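As structure tokens, the structure follows; a few thoughts come after it.
Read from first to last, the chains carry the letters A, B, C, D and E; within each, the first residue is number 1.
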Amino acid sequence: MITEALIVSAILFVIGVVGVLTRRNAIILFMCVELMLNAVNLSFVALSKLHGVTGQVFVVMVMTIAAAEAAVGLAIVISVFRHAGTVDLSSLKLLRG
Amino acid sequence: MRDFLLSIGAAAWVLPALILWPIMAAPLVRWIGRDTVTDDAADGLDARVLTCGVLAVEALLGLVLLGVYDSGAAGWQARFDVPWLPELGASLSLGVDALSLPMVVLITVLMPLTLLGAWNNVRVRTPSFGALLLLLTAGLVGVLVSLDLLLFYLAWELMLIPTYFLIGIWGTGQASRATVRYVLFTLVGSLLMLVAILALWNGGGASSFHLDHLLRVRLTPQTQLYMFGAFFLAFAVKSALVPFHTWLPDAQGSAPTVAAVTLGVKVGIYGILRFAIPLFPAAAMHDAVRMTILVLAVIAVLYGALMAMVQEDLKRWIAYASISHLGMLMLGIFVLTPLAVQGATLLMINHGITTSALFLLVGMLADRRGSTLMADFGGLARQAPVLSAILVLAILSTIALPGTNGFVGELLVLLGAFSEQPVLTGIATLGVIAAALYGLRAVQRVLFGDAPITAPAIADLSWREGVVMGTFALAMLWLGVAPGPVLRPLDGVARSVVEAAHFGPNAPMGPTSTRTTP
Amino acid sequence: MTMADLPMSGSLMRALVPELLLVTGALGLLLATVWQPQGQAAAAAEGAERTSLIARFAMLLCGLTGIAVIIAWGDAAAGTADGRIAGDGFRWAVDLVILGGTGLVLALLDADHERSQAFSPEVPVLLLLSASGMMVLAAARDLMIVFLGIELMSLAVYVLAGVNRRSARGAESAVKYFLLGAFSTGFLLYGMALVFGATGSTRYADIATWIAQHPALSPMLRIGMGLLLVGFAFKVAAAPFHVWTPDVYDGAPLPVTAFMAAVVKTAAFAAFLRLMTDAFVGPVAEWHAVLWWLAVLTMVLGNVFALSQTNLVRMLGYSSIAHAGYLLVTIIAHSAGGVSALLFYAVTYTLATMAAFGVLITVSGGRDQAPTLADVTGLWSTRPGLAVAMAVSLLALLGMPLAGGMGFFAKWYLLQAAWQAAAPQAVLAIVLVLSSVVSAGYYLKVIAAMFMRPAATNGSVAEPVPMAHGVLVLCTVALLVLGLVPTPVSRLAGRAHLATGAESQRTVPPAPITTPLSTASLTR
Amino acid sequence: MSIVSALELATGAQAPAHVLSTTVAQYMWLLPVLPLLGAMGNGMIALGVGRARGEQVDATTARHPLVTLMGPGVLLASFALAIAIFVAMLGAGMSASAGLATPFILRLGSWIPAGALVIDWAFQLDQLSMLMVLVITGVGTLIHIFSVGYMRDDAGYARYFAYLNLFVAFMLVLVLGASYPVLFIGWEGVGLCSYLLISFWFRDAANVAAGTKAFVVNRIGDAGFLVAMFLMWRTTQHLDFAGAHAALLSQAGTPAVVAIALFLFIGCTGKSAQLPLYVWLPDAMAGPTPVSALIHAATMVTAGVYLVARAAPVFSGAPAISLLVTVVGALTALFAATIALRQWDIKKVLAYSTVSQLGYMFMAVGSGAYTAGVFHLVTHAFFKALLFLGAGSVIHAMHAAYHATHRHDDPQDLRNMGGLRRVMPVTAVTMGLATLAIAGVPPLAGFFSKDAILSAVFARASGSPLAQASLLGLSGQTILLGVYAVGMVTALFTAVYMGRLLLLAFFGENRTGSDAAAALHEAPGVMTIPVVLLAILTVAGGWLNLPELMPLGRPELLEHWLAPVTGASAARLAGTVPLAHGTEQGLILAAVVTAMLGLGIAFIAARRPITDKAHAAPDTGVSALLANAYHVDAGVDAVLVRPTQALASVALARGVEPGIDGLFSAVGNGLTAVAALVGRRVQDGDVGKYAWVIAAGAVLMLAALSLR
Amino acid sequence: MTSFFEFQFLLFSVLAIVSALLFVTRRNPVPAALWLVNVMFALSGLYVMLDAPFVGAVQILVYAGAIMVVFVFVVMLLNLGRSGITDLRALGARLGAGLVGVCLLTMLLMSQRQRLPQMPSAPAIPNVVTPVATSLFSDYLVAFELTSVVLLVAVIGAVLLAKKRVRA
């Protein structure tokens, strides 16, 4: 069962990665990253069944960090939106070359 | 005189003084003078005077070194040893022997003379110019007297940066491009040499960079090949051996006179004699390596001469002539017979003198006419007979006319090389003909014929230039007629180099002495 | 279970004194930022000055923390008993570099702020908090703490990149940095999970022990290790995980870019080195080749891409990528020499970067636009001091002796580490020097522009900024003097030994592939 | 005898002090030093004048009285010293028991002390060098005096004497040097002076080109000389005459000796204008005419002959090369003589004549008749100097005449002369004597020397080692007989072209132009007196070495004089059977008849009317070939000069050099271009692309770690 | 029991994966966010089944309840929820992403090639909160405290970036 959970975790992680690679909306991109973190959390929980409670502690930490990242990330996105009027990453090309 | 100098302990302090004096004086020169983009001579203390004074003291120190040197004794002299970086085992080890002594004296005497001769070559930002020149002097001297390889490397690179700025800031034409190329070319070689120094130091127990210590490090022939390659590349690039020469005409072509002169001092050759061959004799004696270098050397002799034959710019012309001579030097060194090596060392000194004289003269012409193109000159012999006479003398020295200094070294190199490599030497001898072609072509275009009608007449040497160039002329003749005082001590040098190559600790034939690995 | 059972004991406190000091001080400064003076107008007028004031206090705080670090080092303060926080010389040395770098960045921030008025008073606090995260990172010997340290450091830097709210470029820089950073964090975290799964612990000592007992690496450990490498490679900007660097550096405010280029990189490298030589000391043969190629690729790509740049910040960005490649050598060397080389290099690189950015800040004059080659052209005629400082710092980055001061010895120690590695890295050393030659191509381009070309006739002469000048003088003099006598720094770096699993858990046999990490071999 | 003592010297045996060491001969270093001092003094004056006046130098300021005093003065002093030394030698030769079998070597100091190789500043005085010194200083003095008149109106007066003095100094070093390197100093030094003097009037590019050509062609020979020295050092570890010759004698006939002789001879062909390196000499006439007399007739160009005589032990050890020398000499003699037949420039005729006469000398020294060669060298120095000085007087007069009448005709063109004997009687008479001498009319000097050569060649054709040697498959006997035949033909041609010259210049109608003819006048005394003195020598010179069968005085003085130097070598190549008296008389008769025949042909040919240059019909056929000197210059230009220039300026300067340069630049530029391109493509600011790169990198990383 | 348990596990797994797929393919951010919430619910179920009820609960509270709400809030705030706008990349980029995704999945699944190590510990934990709490406040006290600083940074950062007034 742990193995199955890990496989699900890997699939979810890759879905998150593919999402990051295919989307242009900064918020969706960010959500895809959240999906990746969730996938990792699943791994931690599953492995926690194997190795003890440390994995669960790690998950708690990750959630906290995810919350913090969400706060900062969304603030940054808003800040970009203020300047560019869009959150489409393909159109953010002030910095290039 | 010697007793007096010894009594004031000169032997102990003269070498550090030679290096430290210009380094310490450089900031003074920079900050006492006023750095302006207009003609500096107009107001305030002329930084050139100051620089020249500092360099004159440096030359005196060089002569003091000559004074304390005991030509009878063997080994390092005027040694100076203080620990520097205990964690690496590097020390400030200085010393001279018969190989470095004449080079040190040459450079220290050359620098003030050159500055005097090229007095009007640089008129703007003279304080910075002077400071950089002093640093460059320290670097040149440092390269010659360092016995510690790390210190040597530092000095080696210390030559680089001031030259970079001297060419880039005070150069003409495509100076900025030329100077970047110079640095890049040099860096490729020198950084690889750094790796080799590291490897050598590590092989010696990572305890000391002292040459004497590293000479005793046991190396397999294969290792020697790699390390020799790195060292040789650094020195070959620096001394512009074909095909690593293309930076030299650009650099010397656009450099201010003083920088061009210092580029003409073949410290790379010194490096080969001092480090590359004694440290890695098996590689230097390796047949394929040697043949490659010798063939390159012979190619350089002819190639440089042929290229010099078609140059339109006088500075580039000198540069190519100097590339040709470098080939001769390399030939002399790598046939590794005592006679040829001795000739090469003498040629190294003579080349420094002759090339300096040529660059000074061309620099004077450039300052007078604002051009170094041969086409802009003509009939100089009528307008400036003294300048012309000395120019002819310098050119004759370049083409190795007997009786001038250029001949003696070349004769010895060829004589010594012939017994080992008759065919290659025979081909190199053809360079003598090519030299006549390029040398006389310049005489023909610049001195003879008619002056360009539009240009104002070129003034003859001023008294200052006259004194400087007279010194050079005397030196060229003296070393051509009686080179004995310089040549005799080089006998031992040549023998020791050849001996090191044949019988050194790492030589293919094995050591004769029972020196052991630390 | 009472509070007394909790290990909130003196030993934990002692182990974290500098960090606590820094965070506490930062909180104090944070309070100062929200203290509202009388009246809105006064607030608006004072806001600018307050940033400057707080930045100076923050510098003081860095100094105090530095003293605390020195005291801790002098006392040979131990880490925590469970081995999750190291108390070794490496930590303290890295702390000093971080604090010094942060102090210099604060000074640069102050200088930039004087022109651009771009920074709120909270910005110095964020810098300090980020630095505290780095200090944790330097000490962490547990994956979880590493994760938190990285996040603490990164979150603050994400914000800092976009902290100039008038700057669209800053915002773009921040969002790019943030998204890619979070993306890479996913990989890092997944790696941690797999390593945890494979070894059953997040503690380095346990991981090392487990690997020592199971030398045949399980696939999970391999993949986990790989994902960790990806995460760290992103943080240190190693090719091909460097792609974010030029854009982010370009858009971020100059002092923040300096912070990212020097301090963040140092901290990330410290953590990276500790991970690889502590937790993964066993499978060195496994990751060695990967890091080797990573290093080569990074050096070459960084230097080559920098060649075509005229935007100086991007150029320095690519240059910093190349330097990451050089620093990877210290990890590959996998020896005590590598550790001290890393520290020596970090000091040099920090000083040189700060000097270079000090010049850029001065010449940019507070514009929200990265300085280009045109901005420094002819600098020697207008501001010779700046030109000289820039030249020294660039030559130091190039590794030129004497003129580049410490830069040469930094390179030397790198080469030495490569050469004296357990498996001598001759080829790597040669690639390193050859790519340095490439780097000369662009460093010299800048120097040539400054010294060998006339200034634009209509160009305005950069006004001097005292704080930036202070940084410049300090960094330049330090670079030059320590370039003549590098012994103090190299001694310090040599003393910074790294605690490994064997020291906290004495029962564990030594890892199969080890290199002499004892102090004896370090203080030769 | 000399060989034995040379061996002793070589093996380091302490030779007793030489008999000459206490005589005036110990001051022989003054011989070159005096002219050197003169050169320096005159040079200073020249530089001083030039510096003070800049371009405004004119003849009156240039003609510094000190120069007039010093220039010929130092030569006179040298000559006086030479005479004194000669007297001392004669005295020593009579008193010393061993005669003067060994040379007197004066060691002044060391020049190149390089370990195993020690080259001293050492002068060697023996019969050969004494003879050369006497010729050089004697003829040199006369020419210097002549020059005072010839150059009096030239702005470069002081410079001229500086160069000329310097030349004499180097020439004396050449003949006095006791080792090959010291000889080489003089060897190249005279080349330099020759260069400087040919391009003396350097405003004219043609003159400078001629000078450059002379120097470069000489350098080709010099390269051969250098290689000969290298070989010698490699073979014997000696470079001084005594040591090297002794060592080489012991290995005569070995390939090393053959090679040394060959390369030495290459050196000689350059300096002495033999085939194929003769091309510079005709052009060298661009210099002032006294220079042509001194350098390009009397002294420098004969250095090659001197060298072969000096290195006689080497050449006699390589009979094949000796044969080669003879053949080259013969071919050169004929070749140049034919060209001289169709030249109109008075100096060109004399130049080709010089080349031809040098060929005779090489015929002699090649066939081992060293005395004959040197004898011809001496007599040639007299009569050819005389001819050149006479030509100089003529040109001087013509030039002055044209100058006075502001005409721009060529003062050297024979077509512009004619009938000059009426205005220049002294010149006409003296030149007539010289012409007879060179044509081989007895009892003038040239007759004896030329006869000595031809009979020597004929004599060696049978029974000598040379006759037994072979070259290119031909037997020595065939070759020598062929050489003799060529010599006779050349003698005929010599008589023809010299007769033609004399007749065209001094006889017939004057073609100078009516107004200019009036301005023609005889040269001043300072010019005629040296000419007259030379004429006396031309007449009397033959008595130096009378053949035995002519009871006119003491026979074979020179032969005896030179015996200690070249006698042994000559003996090694000479036949065992002396020439029968009858044969010898026949040979003499043949020579005389040939000369007369030639002069007769010239007389007949000269009756043809002369059209001036502008109206002359273009030459055709053989005539054109000869007038253009067989197109050798054009050929060399096309085969050697242009390809070299093309190689340098096109292949190397436009091809290889930019290629090498481009290779290095391409690396840098390529990297930068790639960086710019890839940078634009990858770093285009798109986060998605960056993320893709990172993910792909992660895949690679994982693959690298797990796929193993 | 086992089969039902396995069925349940499969159900939540499939739910999570399908929701995730739907999440990445939705064009509009709002449905996408809701599908992501669905993923999180499914994960929460999996956590409970993996003997981590505490984490499962926190997952609902923090992720679904707080974080995702903020996301949706921001989407609304920026008015990004308009239909008809796709933020999907071009086909080439999607194919590239797919390729990388497949490779990455292959690599990640390789980690499961070997049987998991059997650790002596890890019996079923009856009381799930206590061990977590104990561990959090003993072994990971430092980490726990660090999160507070991280959150502080997040607060400062968010305020700094998002507040309206730009000081002159």
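One rule holds in what follows: contacts are C-beta pairs under 8 Å (C-beta built on N, C-alpha and C of every residue); 3 or more make two chains touch, one makes a residue touch a chain.
These numbers come from a predicted model, not from an experiment.
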Contact distance in steps, from chain C to chain D: 1
Pick the chain whose C-alpha centre of mass, unweighted, sits closest to the average of all protein C-alpha coordinates shown. B
Two chains sharing the most C-beta contacts: A-E
Max Cα-centre separation from chain C goes to chain D
By CA centroid distance, what chain is farthest from chain A? D
Cα centroid separation, chain C vs chain E, in Å, comes to 31
When the centre of a chain is set as the mean of its C-alpha atoms, what distance in Å lies between chain B and chain C? 43
Please compute the C-alpha centroid of chain B, do the same for chain D, then give the distance between them in whole Å. 38
Separation of mean Cα positions, chain E and chain B [Å, integer]: 70
Which residues of chain B are in contact with two or more other chains? 184
Expected list for chain C, residues touching two or more other chains, is 144, 148, 151, 155, 158-159, 162, 165, 174-176, 179, 183, 190, 194, 197, 200, 219, 222-223, 226, 246-247, 309, 441
Identify all positions of chain A at which a residue touches two or more other chains, and write them in rising order. 6, 13, 16-17, 20-24, 29-30, 50-52, 54, 57, 61, 65, 68-69, 72, 75-77, 79, 89-90, 92, 94-97
Write out all the pairs of touching chains, ordered by chain label. A-C, A-D, A-E, B-C, B-D, C-D, C-E, D-E
Using the touch rule from the top, collect the residues of chain E that touch chain C in their complex. 107-108, 110-114, 116-117, 119, 134, 137-143, 146-147, 149-150, 152-154, 156-157, 159-161, 166-168
Contact set on chain C toward chain A in their complex: 144, 147-148, 151, 155, 158-159, 162, 165, 167-169, 171-176, 178-179, 182-183, 185-186, 189-190, 192-194, 196-197, 200-202, 246-248, 250-251, 309, 311, 314
Contacts from chain D onto chain A in the complex sit at residues 679-680, 683-688, 691-692, 695
Complex contact set, residues of chain E against chain D: 89, 93, 96-97, 100-101, 103-104, 107-108, 110-111
Given the complex with chain D, which residues does chain A contribute to the contact? 17, 20-24, 29, 89-90, 92-97
